[in-house]
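Next up: the structures, one after another.
Here come two complexes built around chain A, the first alongside chain B, the second alongside chain C.
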Partner chain A sequence: MTRVPSVDWVALAPVVAPLLGVVLVLVVDAVAPRAARLARVHDALAVAGLVAAGAAVTWLAVDGAARSTVCVPGGDGEAGLVLPSCSYVVSDLTLTLQAIAVVGALGCLLLAVDGPAAADRTPHHVLLLSAVAGVAALAGARDLATLVIALETASLPAVGLVALRRDAQGAQAGITLLLTAVASLGLLLLGVALIHAATGELHLDRIATALSGPDLSGAVLAVAGLGTVLGVAGIGFKLSAVPFHLWTPDTYAGAPLPIAAFLAVVSKTAGLAAVVVLLALGLPALAGSWGLVVAVLAAVTVTVGNLVALRQRVAVRLLAWSTVAQAGWVLLPLGAAVDAASVPTAVAASVGYLVAYAAATLAVFTVVVLLARHHPAGEEHTLADYRGLARREPVAAAVLGFGLACLAGLPPGVMGLVAKLVAVRPLVDNGVWVIAVIAAVNVVLGVLYYLRWGALLVAAPGAGDGAPVTWRVRPAEGLVLGGAAALCVAFSVLPQVVAGVLPGVLR
Partner chain B sequence: MNAELLDGLGWLLPVIVGVPLATAVLLLTWRTLSDRAAALVGAVVATAVAVGAVLAALAAAPFDPAGYGLEVDGSWIPALGVRFHLGLDGISVPLVLLTALLALLVCWHLVRSDAAPARRGLTACVLAVEGGAMGTFTALDLILFFVAFETVLVPMWFVIANWGDDTQPERSTASGATLPGGPEARRDAANRFILFTALGSAVMLLGLLLVALRTGTTDLVELTERSGAGMSTGVQVVAAVLIVLGLAVKAPMWPLHTWLPPAHTIAPTGGSVLLAGVLLKMGTYGLARLALPVLPDGMREIAPVLGALGVAGILWGGLACLAERDLKRLVAFSSVAHMGFVLLGIASMTPQGLQGALFANIAHGLITGVLFLVAGAVKDRYHTTDLVLLGSGLRDRLPRLGWLLAFGAVAGLGLPGLAGFWGEILAVVGSWRGEDALAGLARPLAVLATVGTVIAAAYLLRVLFLLWHGPRLLPGTHATTTEVDATGSEVAVVMPLVLATLALGLLPWLLLDVTGPAVRVLLSGGVLS
Partner chain C sequence: MNLLATTPAALLAQDGTVAGSAAASGAIQETGSWLLIALPLLGAALLLLGGRRTNRWGHWLGVLTPWASFALAAALLVSLAGYPEGERSRTLHLFGWMPAGQFRLDAGLLIDPLSVAFAVLVTFVGALIHVYAVAYMAADRDRRRFFAYLNFFVASMLLLVLADSYLLMYVGWEGVGLASYLLIGFWNHNPDYAAAAKKAFVVNRVGDAGLTVAMMMMFATFGTVSFAGVFAAAGSAGEGVLTAIGLMLLLGACGKSAQFPLQSWLGDAMAGPTPVSALIHAATMVTAGVYLVVRSGPIFEAAPTAQLVVVAVGAITLLFGAIVGCAKDDIKKVLAASTMSQIGYMMLAAGLGPVGYAFAILHLLTHGFFKAGMFLGAGSVMHGMGDSVELRSYGGLNAVMKVTWVTFACGWLAIIGFPGFSGFWSKDRIIEAAFSADGGQGWQPWVFGGAALLGAGLTAFYMSRLFFMTFHGTRRWPEDAHPHEAPRLMTIPMVVLALGSVGLGAALGPTGLFTDWMSPLAGEHAEEHPVLPAWAVTTLTLLLVVAGAVLAHRRYAASEVPAVAPTGTALTRAARRDLYQDAVNEAALMRPGQYLTRLLVFVDNRGVDGVVRGLAALVGGLGGRLKYWNTGYVRSYAASVLVGVLAVSGGMLLFRI
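The block that comes next holds the complex of A and B.
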């Protein structure tokens, strides 16, 4: 008997709202194609879609009811009572990840509206909102099929966004990203298929139950383990974890800057969401195995990202490598998982780090976008071009300096310090000392280049600099600048936000 | 003392931490403020903070029996159990007062140094360092301590990197390698400082987290009461190694001290004073406040190593000083030696040793302050601190500066009657009696440390000899400099330190009575002799 499962649209509102925005933007475009005077309508619809998604997330969080939808009923199975399983669950985890994605996407959208998006409003807004819908769905996805489809919905539009810059470099970046996406999809599908083959289940909670049984054959565990490794590798591309990171610097440098910010904030959120959903919810029983894999992956990612970032002179490339390193930091706590019981704290630490990372990265990217727009070298500008910025643009320099301090994890960026502390805590708790020491060393590597950049802001302007251009900050950009800075400051004063995400049961 | 009058002054603690930090932010953002006005604002705020610190100290008195005379406690990061818990007891009061005094003097010194560029930023950095140090010395929560500990890093890095001396000549090391001079030396010194100290902090954080996770609390009062209960010796040893490593970088302990000489040499006068008088103390304070009472078993295991490395620092620093020509580098190396005594005193885990360590902490802050201020004044005049170039008869040419330098040197070699004497003698006595912690090393270390005091006498007498009776100058070396003796304001900045050195030297119980009861509490789980 097949049944159409009932759908709780309220629970799905964070996914549906951006999609509604997509539809409306397309309708307006169909009614009045290429109408320049409707540009603001496009923008308003896209912003409204994200704001509505944000409002839905807020409402669901305040409401606090445990919601889930698209469920298959339980019943008496062969092995006893089977609980109903749902494909989409609203939980603290879901809402937190959705909130990060929506806020980050809103920032990137506002940065892009009069920049790279100006020439292609419809495609830009449609692609961006679709990707956000994908991340929102991914955060709530609780079965393998939904997971894969949502992850692809979140990542494929990014290819289009990157290619919006219609020149050779943009095309190159788009192709790189596309090939990466396809390759990673292949790995992920293979991994997911193996997990399914091993357990015979699609729903993550049932997979978890199946794998935690007392009498599992070695073959089942081997197949599931192989599937896990392949799945992690597939998602590793999205997170740009070393050795799956090679696309990152070229894509960041080739993409329009607000899109690079989108990759850094929203796509990273998607990657972490996929890792957490797959590993923590579906495979907690195998935590002992994937914990080690993730730990090594994270340690290598942090180290390589930091070491290469140390040598970068072009601001965007430095940021690209720094996001590689930060992706490693996001993954580090998951590497501390040694058994099913240690998974929830590890996930909370990862997501907490992601919160801090997203806020700080958005702040830094905003200033980089502004400087690129006012600099003859554009996106190719180097760190040296920040020399003396504090004299010319004190507010932007202050925001950049604070954002960098947060990324480095040094006061005044208390938010970043607490995030690093939260990330290292599970490693210490579970005695993963090698990785913990590697993390400690990496704090210092990061400090070096973030501080070097920060120091340039207050350095005396060099002799060779041309006449400085006075910045004209657009209202939308000013909003992002102020908003990101406010988040960084607020989280620094009240680090509880970073340390206290996901207090309850992981579901 | 005046219990009713000074009751309910707990709010003073967040004020002496927060006001310098807030003023630093204000100075950084107030772009139209002139340099001189900014320095004045800084000096006035530092004065107000010093008054607040004195009031807080009075309110926290009496210090017998031990306890936190002033305390504030509020929720901060409930998810990690971290509280905004500040308190003042006999261990912290002397360091809070020292920090307030040094910051005050440095700020007034800045008001008078018209030649220094961009004093607005420098004043802001000095105040930020003061605020971070105040937080470190009053924090009663592991993580809050760590945050405050880290707060001083970035401002101090800027002090060295932006206002440091970029006219250092190239130097060649004994091994024949050439060290760069000029701006590159400055950048190198600043980076070395932050690399070493940030790595130390990161390692310390691992230890702090281990303690927090195994005990379930980050509150220092509770952890001190438990005195290691709840942690196996193995856990304690691991945590102690991590925490001591982190703090030893800051202290600094030989062989982790190599960031110190360049940082001290290149930092501007005020920066050197704060570095020596405040930052180094954060390391040793952490050992006394955190490591000893929280991890007594772990500390007992590693005490012999800590003590031996402390003594190695005493000897190595002293020997380096014997060969050093540059006055600022010499003071820096002597700092390594003096802090070696502090480490030895702490490692002895005896009341005498710990008392001595805390005393030597304060004495070193005062005496090194005198020496760096004088060295800075000499540098302003001759643009060098090379003892041989400064040459003979400095005392005759500049009698006031010469006398101040002589005073600093004599105090530094530990002459009885001056502050430097008591801390070191107590540390040595503590080591002699510290057989419980130092085992067989107790007496050899005490003897070697005494040898160190002889070396200290030798190198400081050498300084005096060079400056009073040194070889004749090459003609023309000073032809362009007009020789002006210490001005009234320069003397006024140094005098409080001189007077405090004398006072503590003649009346040591002023300090010993304050720290004594608290020391007994810190060691209550450890060795009581």
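The block that comes next holds the complex of A and C.
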């Protein structure tokens, strides 16, 4: 007998709220197409959708009740009692990832409203909110099908966002992203199919149970292992882990800056969410296998990202490569997983790093957006254009400097320092020394280029500079600047938030 | 939700309670005791951030905050006195400061007789000196900044004495160091003054390194740096470790308190404005070392060797300072040498163990009053004499500066230990205690008692010399000098401090008030066995004091004082140059240090840089190569993805499955 599972709409609110926003924006657009005076209504609806999602996350966090929905009942199976399994679970992990995505998206939206989104409000808002809904669903997804669908819901709108620029470069960036996304989707589907074939289950908790059994044949393990690898490869593109990273610099440079920020913050969150959900919840039994793969991927990603970032002169490209390196840092703790027992700490460290990374990246991107808007070279401006910024725009320079310090992990950016310590800690605890040493070397490489950028801020202005333009910071941009800076400072004052973002239980 | 539970508000809500049972009656004063620190800190922040807008009224805000803190400290004193004796040590938990794995450190305040006595001294003397500075700095363009720094100092000093762990105390310790640096170099347009500030900073760093090492050793040994945790575990550690910790703490104390061998900065620190010298370099900050030793009593009591070194350092410094004081012709430098010497007395007492704690702190309090009073008096003299500090250009000022003369005389009588005045009740007891060092056996009581006794005679000589050369004898004023009494705002604090110089010792010492107050800290101690009876010590001290004062009177009041200093004996010449301490430091530390840096620079240029440049070229080259991986062709990107998959699965097959 088939039953339609009951749906807990409260649990799903963080997913549904952005989608409601999408519907409302579309309705307004349908009722009054091209009504310029309704521009603010579009913006307000989009912001409201995200704020509602954030409020839902907060409410669920405060409520603290364990919720899950879209469940299949358990019963007496062949191998004994089978517990009910759910496709969507509200847990600390779900809510933390949703919070990062929603706050990050809100920042990007506010940066974009009067910038790149001004010409295409409806498509921009709709695409952005859809992607956020995808990330939110991904964070709660607990079966393979939901995982894939949610990941694609998070990915494909991003292609549209990138292509919004409507020029050759934008189109090129969009195509690059689209083709990589499609290739990755193929890999992911194949991987998921193999895992399903090996275990015969769709729900992650049941897959985990099936793979932790005592008498598994080598063939099952091999198929599941191959599926894992393909799955990691398919998701790796979202995180821009090397060697699935090549789209990153072209796309960042081709996309409008706030969209690049969106890719850096929200898409990375989606990538980590997918990795964690698939590996930590579905395949902890294979941690011994994927741990090493992830460790090597992460180490290579950090190293390549940092090495290339060293050579970049254009601010946006440097940021793109820096996000590649940071993605490696986000993955790094997962590489420390050697068995099922070591997975929860590794996940907590990864998510903690993501929190710090998201806050600092948003702060840095905001200042880059502001400079690009006031610079004749626009988004193509180079690091040299930051020379002496501290004299002209002390507040923005301070925020940028602090954000860079956080990314580099240098005091006063205590947040980044603690995040790096937390990320390396599981490696050391589990004795993955080679990777830990590579990570330590990379800290130095990172410091090198972040510090070089930071030092330019306080350097004496060069002789050849024309009369500097006084910045006119729009209220929305000021809000993001202040908010991101406040987050960085708050997490630096209370680094235990970053260090202890997830308690031990992983659901 | 962990994410939400760790917000500061939640932390405060959980932990912002007073530990202890009877938290009801005095609870308001205790829970509010963080305001004691916060108010001056807020004052400093407002004055510094407010900028020129606050120029007009900023100094009054600066005066207000220490007075408010004083009111709070006084309330705290009263509420603490209301508890039974056993419950007078109370902690106020502020917030979880550094929870990191097994290391958990909470920021909290320790409110006990010692810290409250200190807090009252700091706020009261500090507040008076703030008032004085309003007039003293009236003509200075940067008066607001001056008050901001002073407020910051008061906040840091209160944090230092009220902290409940070594680490939090260290925050205050560095804060006062910073304030001291900023204020010594307040007139930094004068390169000499800026150099003096730098010297104080560097010498203090040496001491601070000792304190940090001590903290590290504590953490390695006991796993904690909170006072309660360390003292509870102190008995269990080996004597060797405790001796090492004690010596490192002493190094920190020597730096801050200008004790031998880290004393060289204090004389130069007189470059700061006089209110700074009075508050920081006489009454409060420089006594922090004594506080540290007394606070760390449980460590020193378990490490007799370290204690002996403390006593020795105190004895050496008290003689050193006194000898230097006899030769200087700069009024502030004499007072600085005298401060050094008096702190030597306190150190000596603190090193004697529980017997001496109460007297060390009592002398610290009385000294805070009479020395601050004399510094303010010196400031008033300088104010009247056109900023001249030369004793040889003063003389006969008693007629024109009546208030300064009388108040300074009170401080003078107090410091030389004239019977009945404050210093008599505190210093005399230290000399007596020194004669019972080491249980009254062996060489120690004679050596340390003798040093303290001799110091008393020297003190009487150089302070009388200072007093007579300034206020008595012939007038040796420069022609353009028109000495006059200072304005009310300056004289009133001087009068208040003079009252303290006269009566504070008698109020606290012979009445037994202070020893009772401090008894929880000092605990029960063994009967003293002085090698000389108390009456003999007092008589001898008085005889030496009278001899010193009379000699000074004959040489500097009854006879003509030459306007140019005579060459003097070899000892005088050495004392004028601070007993060659700068030369010794230069030869023993600076030169070898310079050679070492030159050697390091050579190795760095030839060896390290070569490696680094090579590495940099390698890294840069790698980055340059990797850049070309990004061809711009999407098809090659997709190929890269597939190659990556093959590599990853190949690797996995090879290693794991």
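We take it that the second predicted complex is superposed on the first by the 506 of 507 C-alpha atoms of A that agree within 3 Å, B and C clash if a C-alpha of one lies under 4 Å from a C-alpha of the other, contacts with A are read in each partner's own complex, and residues count from 1 in each chain.
In this section, a contact is a pair of C-beta atoms (placed from the backbone, for glycine too) under 8 Å apart; a residue touches a chain by one contact, two chains touch by 3 or more.
The structure displayed is predicted, hence computed values, not measured ones.
Asker: Between chain B (first) and chain C (second), which, if any, makes contact with A:175: first, second, both or neither?
Answerer: A:175 contacts chain C only, not chain B.
Asker: Taking the superposition as given, does A:496 touch the first partner, chain B, the second, chain C, both, or neither?
Answerer: both
Asker: Answer with first, second, both or neither: which of chain B and chain C does A:48 touch in the superposed model?
Answerer: neither
Asker: Comparing chain B against chain C, which has contacts with more of the residues in chain A?
Answerer: It is C that touches the greater number of chain A residues.
Asker: Using the superposition on chain A described above, determine whether A:455 touches chain B (first), chain C (second), both, or neither.
Answerer: first
Asker: Considering only touches as defined above, state whether A:405 meets chain B (first), chain C (second), both or neither.
Answerer: first
Asker: Which holds for A:506: it touches chain B only (first), chain C only (second), both, or neither?
Answerer: neither
Asker: By the touch definition at the top of the document, which applies to A:222: first (chain B), second (chain C), both, or neither?
Answerer: A:222 sits against chain C, while chain B stays out of touch.
Asker: Which residues would you name on chain A as touching chain B in one complex and chain C in the other?
Answerer: The answer is residues 496, 499-500, 503 of chain A.
Asker: Touching chain B in the complex: which residues of chain A?
Answerer: Answer in residue numbers: 394, 398, 405, 410-412, 414, 417-418, 420-422, 424-425, 428-429, 436-437, 439-441, 443-444, 447-448, 451, 455, 458-459, 495-496, 499-500, 503.
Asker: Tell me, which parts of chain A touch chain C in their complex?
Answerer: Against chain C, the touching part of chain A is residues 58, 61-62, 64, 92, 95-96, 99, 175-176, 179-180, 183-184, 187, 218, 221-222, 225-226, 229-230, 232-233, 236-237, 242-244, 246-247, 249-250, 288-289, 292-293, 296-297, 304, 307-311, 445, 494, 496-497, 499-503.
Asker: Show me the residue ranges of chain C that touch chain A in the complex, using the header's touch definition.
Answerer: Chain C residues touching chain A: 1-4, 6-8, 96, 99-100, 619-620, 622-624, 626-627, 629-630, 632, 634, 636-638, 640-645, 647-649, 651-652, 655-657.
Asker: Which of the residues in chain B end up touching chain A in this complex?
Answerer: 29, 31, 76-80, 82, 121, 132, 143, 146-147, 150-151, 153-154, 157-158, 161-162, 191, 194-195, 198-199, 202-203, 205-206, 209-210, 213
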